[in-house]
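Going by the order they are written in, the chains are A, B, C and D; count residues from 1 in each one.
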Amino acid sequence: MSRARLLPVAAWAAVAVAAALAWLAAGGPGPAGAVQQAPAEETPRGDRLYTTHCARCHGADGRGATDPHNRAPTLVGMEAARVDLVLRTGRMPPADPDGSGRGRSWSDRDREALVAHMTALFNLEGPLLGPEPGDPAVGREVFATHCAACHGYTGDGGVAGGGAIVPRVVGLDPAVIAQAARVGPFQMPRFAEGQISDEELGDVVAYLDEVAVEQATPLGLGELNPVFLSAFAALLTLAMILSCLFLAGRVTMFPDPEPPPDVDGET
Amino acid sequence: MTEKRPQQRDEGKGSRRDTERGAPDRGPGDGAHGRQAPDHGAHEGLYVVGQHIPPPSEVNDTIVMGAAIVAGLSAVVFAVGLLAGAGTGVYGSALAVGLLAMAIAVRRYFAAAYPDIEGLEPRELPDADPDDDEPVTEVPPVARRSLLQRMLVGAATLLGLGLAAPVASLGPSPGDALRRTHWTSGRRLVTTDGRPLRPDDVATGGISTVWPEDAIEVENSAVILVRLSQSPPQPPTNLDWVVDDSLVAYSKVCTHAGCPVGLFRERDDALFCPCHQSTFDAARGAVPTFGPTARALPQLPMGVDDDGFLVALGDFAEQVGPAFG
Amino acid sequence: MTPLFRFLFDALDARLRLRKPGRAVVNKVFPKHWSFLLGEVAMFSFAILVATGLFLTMFYRPSAEPLLYTGAAQLYEGRTLPAAYASIVELSHDVRGGLLFRRMHRGAAYLFMFATVAHLLRILLTGAFRRPREVNTHIGTMMLILVIALAYTGQNLVYDLLAGSSLRIAYATLASVPLIGDWLVVWVFGGEFPSEVVSRFFVLHILILPGLLTGLLVLHLALVARQRHTQFPRAGVDGQRYVVGEPLWPSQFAASTTLVLAVGGLVAAFSVLVPWSDVDLHGPLRLGQASNAGHAEWWLFWLQGAITIFPAFEWEVLGMTISHMLAFNVVLPGALFGLLFAYPFLERRLAGYDPDLDNHVCSRPLDVPVRAAIVLGVTAFVGMLTLAMTNDIVARGLRVSVESVMWFFRIAVLAVPAVVAWAAYARSRSVLRRRRAPGAAAGSGGDAPGGAAPANPKVSA
Amino acid sequence: MTPLFALLFESLDERLRLRKPGRKVLNKVFPDNWSFLLGEVALFSFVLLVLTGVLLTMFYRPSTDPVTYQGAMSLYEGRELPAAFESIVRMSYDVPGGLFFRRVHRGASHLFIATTVLHMLRVLLTGAFRRPREVNYHVGIVLLMLTFAAGFTGYSLPYDALAGTGIRIAYSSLLSLPYVGEQVAYWIFGGDFPTGNMIPRFFVFHVLMIPALLVGLITVHLMIMVRQRHTQFPRPGIDGHRFVLGKPMWPSQFALSTTLILWIAGLLSAAAVLIPWSDVLLIGPYVPGEVGNNAQPDWFLFWLEGALRVFPPLEFRMLGMTVSGAFVAGVVLPGAIFAVLVAYPFVERRFYQLEGDWHVLQNPLEIPLRAAVSVGTFSFVLLLSAAATNDILSRMTGIPIEAITWFFRLTCAFVPPALAAGFWVYSTRRLARKNMTVPRNEAEASNTYAAKAREA
């Protein structure tokens, strides 16, 4: 019986744990940072960083290579935004020689120096975007129209098939969000000014910040995907069954037969 | 704690608590037995005082049949009238006549087929009444009884069916509404907020959801505009409907369960439905490459008008959206 | 009985042992008297209301948001209407059968109201409310209140101009309650007039009130079955111990089936002939618009009559406002229903019944002078109020000034009931005196106790 | 008993003679086993659903007409929303307790459906459906369908983007009916999706028709149960065929049930605080032509969603009708599963030539057919449900979704039959090992039970 008494307690412990898990599964809070426009200037620091980390594949002239075991693209004339994005997300230099995986995470100072250096060296095109957060309400509508299809209504991400995973975009650096929308990295489609204006990008950033801070319950849960909710429904039911076990006198269903008492209960 | 006092499962007689406590098994009939009803011949708990056996009557039978026929017919009139869009007066009166006729039929039938009983019921029902199921009393069968019964049942059925007719009012008849969309030749492609699009508004590898300029957010006309980046479109894509060799438009309504196909994988030009993961190859006429759907997304005939805006050249060639029919 | 049906019945019987309880049911005896069918009529019209109502809910839009109507009604084609009214116009003009079912719903509602009141009067006049049936009388009274509430909410869902007037009156009535009036308004309307009222009334009308009504109906019938019917005195029958009448099967079943079909048929017929609830020309509720001769529905005449003819006043008492509305739209109906609830005990006290004696035999309306006086008097009072509401029409008809008609009613409303009550009292005394005369016991089936006379010697003495 | 209450009771009793029937009710015996409480939990959560639901109807607006939201929710302040979604936002942000009661309502619905299913499983596995209780078993199955209907319509009413997508899919399944699909869909939706009548109608379905049917059928369910008495598990030395053994309604069972409903209410309130059931505000209102990634229905419809996801592409015309994957997976398959449930009691009775009435429950492993069929069916349903989470799985494991889908296609096709066969073989062997046979009638059953007892 004492074990039965413990059961509901155990159930609630389980609820708490699962909630924490779900929260982690949902990504938890992300970092937030500021950006400045990077000037085009050659600096010794940038030069050092480039030669140590980039030149091996992209070559000192930044023209990349095309031999089978090194397919580094040319950097000349590439969008500055794309370079900045790749560095911010730590995709370069690659962890694995085949160009996949995430490498080191750059300090802002290094990254800015490197981008500035490369901009000067290989005249990278276009501006670096660092939108200021705008109106979240407008942002929600823009997000629903252009982004939700892949990233989910709450920016939670998902799958895109073909092994492609759509990343969670909540709590990212505004610059990452804005530049990703413009340059369309990897599998992601591009969105031109004509589709999402710069200030609309700011609005989207504001909306995603809103999502990042939204915590609907004391467990820190935001709005959950039905699958995670179903896990909680299961826990709730489980807790209920445990309660029944606890409340009911008789728990065994088909008892082992024992010799019948003298009263005879035959039909 | 349990002693075995026999207990009939099927009669709520006695109280189990008494049984378990070993108290005398008092049936709920107690108190009732004292009273004796005047002896009119007790019959299964009902004291029949008197009953009048109806004499067989051809006239009566004819009335029943006539009324039943009228009821059935007017039920049909009601249904047909309603469906055929006749005036309220027509099917309304039909319903009225039908119900009234049915009333007469039922009334006359019972008057003929059953005795008119007057009985005494004790206020305390004796609970221990015999468990037999003889009819209250024998009635000489009405002439053509089974026929009458069948006609009554028939009329009742027709009435029931007739009263089901209003179901048809619940929605218009679809016609070919589901096979047409709002796309016609010269219709501009506009975004959800109504801006007409020029080809260069969609970046390479970009997508955009567009509508006919006069039917924004009309589900069936949703179109997804794709700027292919990897490979130029090739058959079965209709190349005449492709603008500057990379801009192609498909219906956004999934051919499986009708979700909007909003997800574009730029690397392999694949359109992907997030609901059930149907995958379409945007470069090859959006033929399904994976998932539960069997049909390609219809391609929108698209061109550019004199002002340089994207326009439709006509409606979709194939049926849009999930399968039906 | 067709083989299939017999097979199903036997299968069920083998599992549920239906025969015996079944027989108890089919042997239930129903006294044979037309007035005992009033209740059934009410029940059947309720059934019709549910059936047609379900159909109507498929098209009704419980919302006052402006909506562009595009349909067959020339009057409103291409105009923006409140969604509720638009859906009513759509029902009447664009939905096959819509107008008929709307009319049937309204017609059945009127029948329901009428039959319920008539049933209540039968109970009151024949003393069917006496012990042991006070409980069921109270349930019945609550059902009457629910019926009125249902009719009222339903009539306003149409959201036409008249609904506008009646909603405003309800708003004013609620507001007139001292101290909590403004709260009541907010709770019912959800804010300033009219705000949420449509969706609120919709839920009340299709969900809450019908739910309560169904529950009470079941209880009402269960109690009738448990306590057996009352019945009119019959020679040679000890009505205190036996009910005389027709068994449920086949006689009463035949009667009821006929009745339900007849009710349906009549309602349908009237719906073809009478334009119940055609509101096209009223136009939608628009704030700040009202129409002349905006009469309430007939079953509310007595209330509107009360606030029409009685002089207006407004007193400040202890910081509360005691207004004309409060007196005649809150206190007056409250008092009447209070009297209705109290009446069984009141009569027992006034007529001095033995409180431990059950009564199962109905007495004739004039058997108890007190009852005759009170019931008929109050009925006359409500009737006069009802007439009073038509004062403008009377004035037009008789070509006299409304004021004089009003003054006539101000007096008549008080005088007529008094006269009626006095007359009834006197008449019933004389009736009793005549019955006590020798050789008059015949019609009264008097093997007492409780033959004809109220089950108590004191009264007839 | 307080004097007032005593007075009331006495006067009522004088008029209605309540004591005798009252005693019958109070003496009704409830077998005490935890699994018999599942049904009660379902009943009580339904009660809670009605209570909270009535409250919610006071604020919900069944309409999709655009209205401008003014309130505390900054995301939507001053913007145009469909009235239904606007009322949900208002309910959640501007009505005191609104969000809480919405969550309690949703949580109770999860509990309602889950316990209904479990109750049904208990009845199926232990053979409580056998004659004379087939009728009540079928009533129960109809109740189960109604709970699904109630759950789906309720999920749709907020008219958020997920709900809209769900309605869209339901509409497509209706369309896929051969021949009549279009007309039926038009009848239910009042036109081509999305219509203005859609949400008002779902509202009426959800608050009026389905609950009315539920209440009616629950009453029938309970009345039949009372009339037929409870089944019960075998108890040594008790002739369960002739006696029900358990707690009388008063006081034991009354106490238990009261505890139970209070406990449920408490549990649900706690859950409503901790878990964001039915928070849909960030998801936003439904806009035709838009859908978000990982759009799932509620868990109890996962099996249908899963069927739609894993069913191989199929679409051909035959006899002038279109047979599509959506039709087979969304209409035929569930129909078949429910058909199996409905038919099973008769199949079993025929298969083993069972005789007479059965009132004592039976270990499913002692009757191979039941073990095989139930395990097969429910493993199938569970696998389909799992298949509905393929995108989440793919995302968590990194395995491409195509692979996962193929995995489920194969498992759904082969695992359930394998499991069924396995259980068949196991339970047959088990019977042989205990040298038992499947009893033909209850007497035989109790004899074998007594025999086992003597061995023991």
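In this text, a contact is a pair of C-beta atoms (placed from the backbone, for glycine too) under 8 Å apart; a residue touches a chain by one contact, two chains touch by 3 or more.
Bear in mind that the values here come from a model prediction, so they are computed numbers and not experimental data.
Any chain that touches chain A and also touches chain D is listed here: B. Of all chains, the one whose mean C-alpha position sits at the greatest distance from that of chain A is C.
Each chain gets a centre from the mean of its Cα atoms; for chain C and chain D, those two points are 40 Å apart. Look at where the CA atoms of chain A average out and do the same for chain C: the two points lie 65 Å apart.
Between chain A and chain B the centroid-to-centroid distance comes to 44 Å (mean Cα coordinates, whole Å).
A straight line joining the Cα centres of chain B and chain C is 35 Å long.
Each of the following residues of chain D touches two or more other chains: 190, 228, 238-239, 242-243, 287, 290-294, 391, 401-402. Residues of chain A in contact with two or more other chains: 145, 148-150, 158-162, 263, 265. Counting only residues that touch two or more partner chains, chain B has 2, 4, 168, 170, 192, 209, 260, 262-263, 274, 277, 290. The complete set of chain-chain contacts reads A-B, A-D, B-C, B-D, C-D.
Interface of chain D with chain B (complex): residues 20-21, 23-24, 26-29, 165, 168-169, 171-173, 175-179, 181-183, 185-194, 228-229, 238-239, 242-245, 248, 287-295, 305, 308-315, 321-322, 324-327, 329-330, 359, 390-391, 401-402, 405.
Note for the complex: chain B touches chain A at residues 2-4, 191-192, 197-198, 200-209, 227, 260, 262-268, 270, 272, 274, 277, 279, 290.
Contact residues of chain A toward chain B in the complex are 145, 148-150, 158-162, 164, 184, 186-192, 194-195, 263, 265. Of all residues in chain B, those touching chain D in their complex are 2, 4, 6-7, 9, 12, 15-18, 28, 167-168, 170-174, 177-178, 192, 209, 211, 217-220, 222, 252, 256-260, 262-263, 274-277, 288, 290-295, 321-325.
Within the complex formed with chain C, the residues of chain D that make contact are 12, 14-17, 54, 57-58, 60-63, 65-67, 83, 131-135, 190, 196-197, 200-201, 204, 207-209, 224, 227-228.
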